[in-house]
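Got some structures for you, see below.
Shared between the two complexes below is chain A, which has chain B as its partner in the first and chain C in the second.
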Partner chain A sequence: MTPLSLKKIGKSYDGRNYVIRDLNLEIRAGEFMVFVGPSGCGKTTLLRMIAGLEEISEGEVAFGDSVVNELDPGERGAAMVFQSYALYPHMTVAENLGFGLKMSGVAKAERERAVNDVAKVLQIDHMLSSKPKSLSGGQRQRVAIGRAIVRNPKVFLFDEPLSNLDAALRVQMRIELARLHKQLGTTMIYVTHDQVEAMTLGQRIAVFNRGRIEQVGTPLELYERPENRFVAQFIGSPKMNVLAASGNEAGRLKIHSAGTIPVPIAQPASSAIAAIGIRPEDVVLHEAGTPDTLAASVTMIEHLGDATVLYLEIDGADQPVTAKLHGSNKQYSPGDTVGLACVDGKMHCFNAEGAAIR
Partner chain B sequence: MQPTERNRPRKRWLSKKWAPYVFVSPFFILFAIFGLFPLLFSVYVSLFRWDGVSPLSQMKWEGFGNYLYVLELEGLDFRTVFTQAFWQDVYSRDFWRSLYNTLWIGVVAGLPQHLIAIPLAVFIHTQFRRARNGILAIYFLPFITQTVAIVLVFQALFSAKFGVINSLLTGIGQWEVAGFAPFSLMFPTEPVDWARPQKTPWIVAFVVWWRYVGWNTVLYLAALQTIPKDLYEAARVDGASPWRQFVHITLPQLRPMIFFAVTLTLIGNLQLFEEPYVLTAGTGGIGQVAETSAMYMLRVAMTDGDFGTASAVAWLLFMFVALLTWMNNRVLKPKD
Partner chain C sequence: MYSSRKTKRRPAGAFTLKLIAYGIVFAGAVVMLLPFYFMFVFATHANADILSVPPPYWFGDHLLENLKQLMAMRPNFWKSIGWSLSIAAATTALNLFFCALAGYAFAMLDFRYRETLFGLILATLLLPSFVSMIPTILLMQQIGWINSSKALIIPGACGALGIFMMRQYISSVLPRDLVDAARMDACGEFDIFLRVVLPLIGPALGTLALITFIGSYNNFVGALLVLRDQEVYTLPLVLRSLQGTNGVTWGALSIGAAIAVLPLLALFVVYSRRLIDGLTAGAVKG
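Presenting the complex of A and B:
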């Protein structure tokens, strides 16, 4: 079990424009760390820098106590699972699994034993002599994971490994990956743009945006106490409703022209509030005109079975507000007017820069 | 209402049933005249004695006589097949000598083409980004240059008295430090007579190699560009050195192209004609040391005026090419 430490990491291809700048992160030994963020946020670049596939322009990457900046990928003791699997098409499954061991000069008998062991764990032992071409997507995924496991690496790196699988298989592989992590106890870093994967797999999640880490924390921390608007809106589905707030006169906030609500947090921090955030699942709907609610009208309804998603229009806001209602016994239809409020203590407040205020 | 010119039904000169056949017929007509007919006619001619000029009525039936004449097997003592004398005897027979020359030049010119083109393509692929096409064009240039122009340049280079090659070699050979010429053992001190028969096949092979190495480089470069980058990345993470990446990723991935390129070289070199013909001014060199089978065929047809035998040579050569291609197929063709 190896901890990783990333210190003042910077990445630039031309020396002027940085895709990653001044990034610091400590990954604990045996931790399942997920890098999540929108496309082009630098999460894959960082993973590739850890793997050694991308040069580190600035800063230090250390595995345990040893700085690995100058080491070749093969010398770092990291194994990587690629998005495309990157299986060697001309080699059999067994040869694919054993390639890394062969490169590090492990004797044939020992190699075969290791390959067989891993194949058994991943239930691919019956296809050892097939070529990757004849395997299904899920099977290829297993071989790619097996190729990483067989070398007994210090760190596993996953680069969006499930994005080429269909939804059902993705759920299944997600569970298997979580089980695998429990079984092996190895440090794992997992890159994804899918927040569901991030929330279900990660012990801690680092949310990336434009080459910076916005917040690092456990899934629940990120969900319940996002540090800024970006994290608040990135984590959670449907995403958090953010409404511009103004006024703050006599302890009340004016939300567009839809009404006023009491300031949800204690003074004096409240004076900086520029926006409020309400998660769709925290929205409460009252009769229209109820005090301390916002006037809204239902525009669209989606029935998901276990829940109902309502899209509401509130006066003066250009974005619709989403409400996710569980087991509500009241039926709504488009055009209904309601009073919108938030579950007590669940409202998030942000200042003009987007940072959370508590 | 009177039917106007426009909406009166057009008269068909071609029925709907026959139109498709008529439209595709030009290819078949041309192919039949210029492809199929000469092919079949050469089979026919190879069974007759005919000088190519006389009326067809004067063709004389030979059966497989032309083939036997070309193969010239009578008088060969097969009990002595393991002696040098036997093979010297074989070499003295025109067809076999031309076949030997063809094979020799084919291997000496062909093998290094691939042994150089593959690493060269990898080098260009990995080391150049923007300059790649320019550099490739330089290597490709000999391929699109007129054979005659190439040969004139090489004749000037290899000229015994005034050639650049000789002045370079003798320059190194004669170079002296304090009255001692350190390179005189490895390099000639006197101009080399490149026209000597022992050297002729080497020069032909060199020109052929020089001419086609760029072509093969282009083929391999195209194939290299289709190898996914992440295979190399996976191999690097697996700890493979650049050399092992070449051996374990590049070469196996290039295999289909190697098969294709070697097949082209094989077929091309067995039909080799232009370079040796122009370099030896059509003679095949002293003692016909560089006369290829294609040149021999031309000599039989044009000089000897024996189109029947020449056709037999062509068909024997075809069978030989087919045999070698089949063998290449067995050895290099990608499995599954």
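Presenting the complex of A and C:
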């Protein structure tokens, strides 16, 4: 098991504009680390820099104690699974699995044994003589994962490997990947823009935004104690409602023109509050006019089966507030007026720069 | 019985247009094929028949005599066919290798001034081949390659058209992830080219092979510049040498030309589909 250390990493294609700058991250040995963030935030670029497929403009990447900046991809001891599977179409499954070993000079007999072992683990041993074009998406993904496993790498790198699969297969492969990590215990880095994948697979998650890491933490830490508005709104679905707050007179915050609520945190930090955040699942709806609630009206309702999502309009806010209600007995209709509040202790506060205040 | 379904009828104008289009294509085909036809017809007639008015329109019985006459006039005729084929084969093999290698580099590797270099290479397509004639002769004289097959093989070993074709084809069919996967599998760039790229660009290689082989086999001007002795003449030069100042033996010339064209015809019949596929590959998104 190998830890990874990323120190002051920077990436620029033209020497002037940086897509990643001054990035530091320690990945523990045997950890399943997920890089998550919106498109173009630099997560895949960083993964490719770790793999050696992208030049490192600044900083240092170390596998254990060895700095690997100058090593070719094949010399780093990392294996990568690509979004597009990237199987060699002219080779059979067995040849695809064994190609890396062949290029590393492993003897034929040993290579065949390793390929057969991995094929059995991934239940693809019956298709070793097939070409990739005759396989389904899920089977191709297994072969791609097998190709990575067979080399017994120090680090696994996954670049959105499940994006091309349908929803049901994605769930199945997610479970298999988690099981594989448990079985192998190897350090894994997984890039995705899907926060469900991130939350379910990652032991820790690094949230990326514009070439920076906004926060690193366990899934629950990110969900419950986001360090800023970006992380708060990126993690969780539907995303967190953020409402501008002003005033803080007599211990009360004015939320747009929808009403006032008690300041949710202790003084004196409360003076800096510029916005509050309420997760949709923490929204509580009362009768209209209930004290300490915000006046809101229902604009749209989505029935998901296990939950109901309500979109509410509050005076002065340009975005609707989303409420996710589980097992509510009350039926709402568009146009209903309600009093909106938050579950005790679940409200988040942010200052003018977007940093969380606690 | 009445049916509400109406039969769709093409307007008469569309039919006429189609007729005109087919007529033009047919006329074009006749114009191009007639010389071939007469070449084969004249190969079976004596010189006097060929020069009569009107000339013969159908095959005669003078084939063997013409062949004997050709062999008497140019005893090294068969050798020159072998010579031409071997030069064309060597040129084609080298051209495929170097053009594919350069095409791969331009399509998949990031290096400084890549686009500028590619533009310069493409610009050489704009130069008429005659521009380089005198420098070629001087250069070949300087390095002592006059009368040597190297003088035809090496200059044809890589060309702008081939590089362009390969670059376009590789860009359109080869995903970058595949090359990256090979790099992760400890493949060096040359191994990637040999083991991953080459097996996947067969159609483009086939097309380029056909174009290069035909071009090299038919190369008259290039051979005329660097081959001086009849002993080392390629086929186009041998055929040209049959046209002397004391008249032309058309029957012998025609049978020589007919034999010369047979390997190319065979190649074309076998690979014409591939040629068309390769030339249009990457033109539309698949």
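By definition in this document, the second predicted complex is superposed on the first by the 358 of 358 C-alpha atoms of A that agree within 3 Å, B and C clash if a C-alpha of one lies under 4 Å from a C-alpha of the other, contacts with A are read in each partner's own complex, and residues count from 1 in each chain.
FYI, a contact is a pair of C-beta atoms (placed from the backbone, for glycine too) under 8 Å apart; a residue touches a chain by one contact, two chains touch by 3 or more.
Source: prediction; values computed, not measured.
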Chain B and chain C placed together on chain A: clash or fit? clash
Does chain B (first) or chain C (second) touch A:335, or do both, or does neither? neither
- Message: Between chain B and chain C, whom does A:131 touch in the aligned arrangement: first, second, both, or neither?
- Response: first
Touch test for A:327: chain B only (first), chain C only (second), both, or neither? neither
Which of 3-11, 21-29, 75-83 or 327-335 hits chain C? In chain B, it is stretch 21-29
After superposition on chain A, the chain A residues reached by both chain B and chain C are 51-53, 72-75, 78-80, 82, 84, 86-90, 99-100, 103-104, 147, 151
In their shared complex, chain B is touched by residues of chain A numbered 51-53, 72-75, 78-80, 82, 84, 86-91, 99-100, 103-104, 131, 133, 147, 151
In the complex, chain A touches chain C at residues 48, 51-53, 72-75, 78-80, 82-84, 86-90, 99-100, 103-104, 147, 151
Listed in rising order, the residues of chain C that touch chain A in the complex are 175, 177-178, 180-187, 191, 196, 199-200
Per the touch rule, the chain B residues reaching chain A in their complex are 228, 230-231, 233-240, 244, 248-249, 252-253, 255, 336
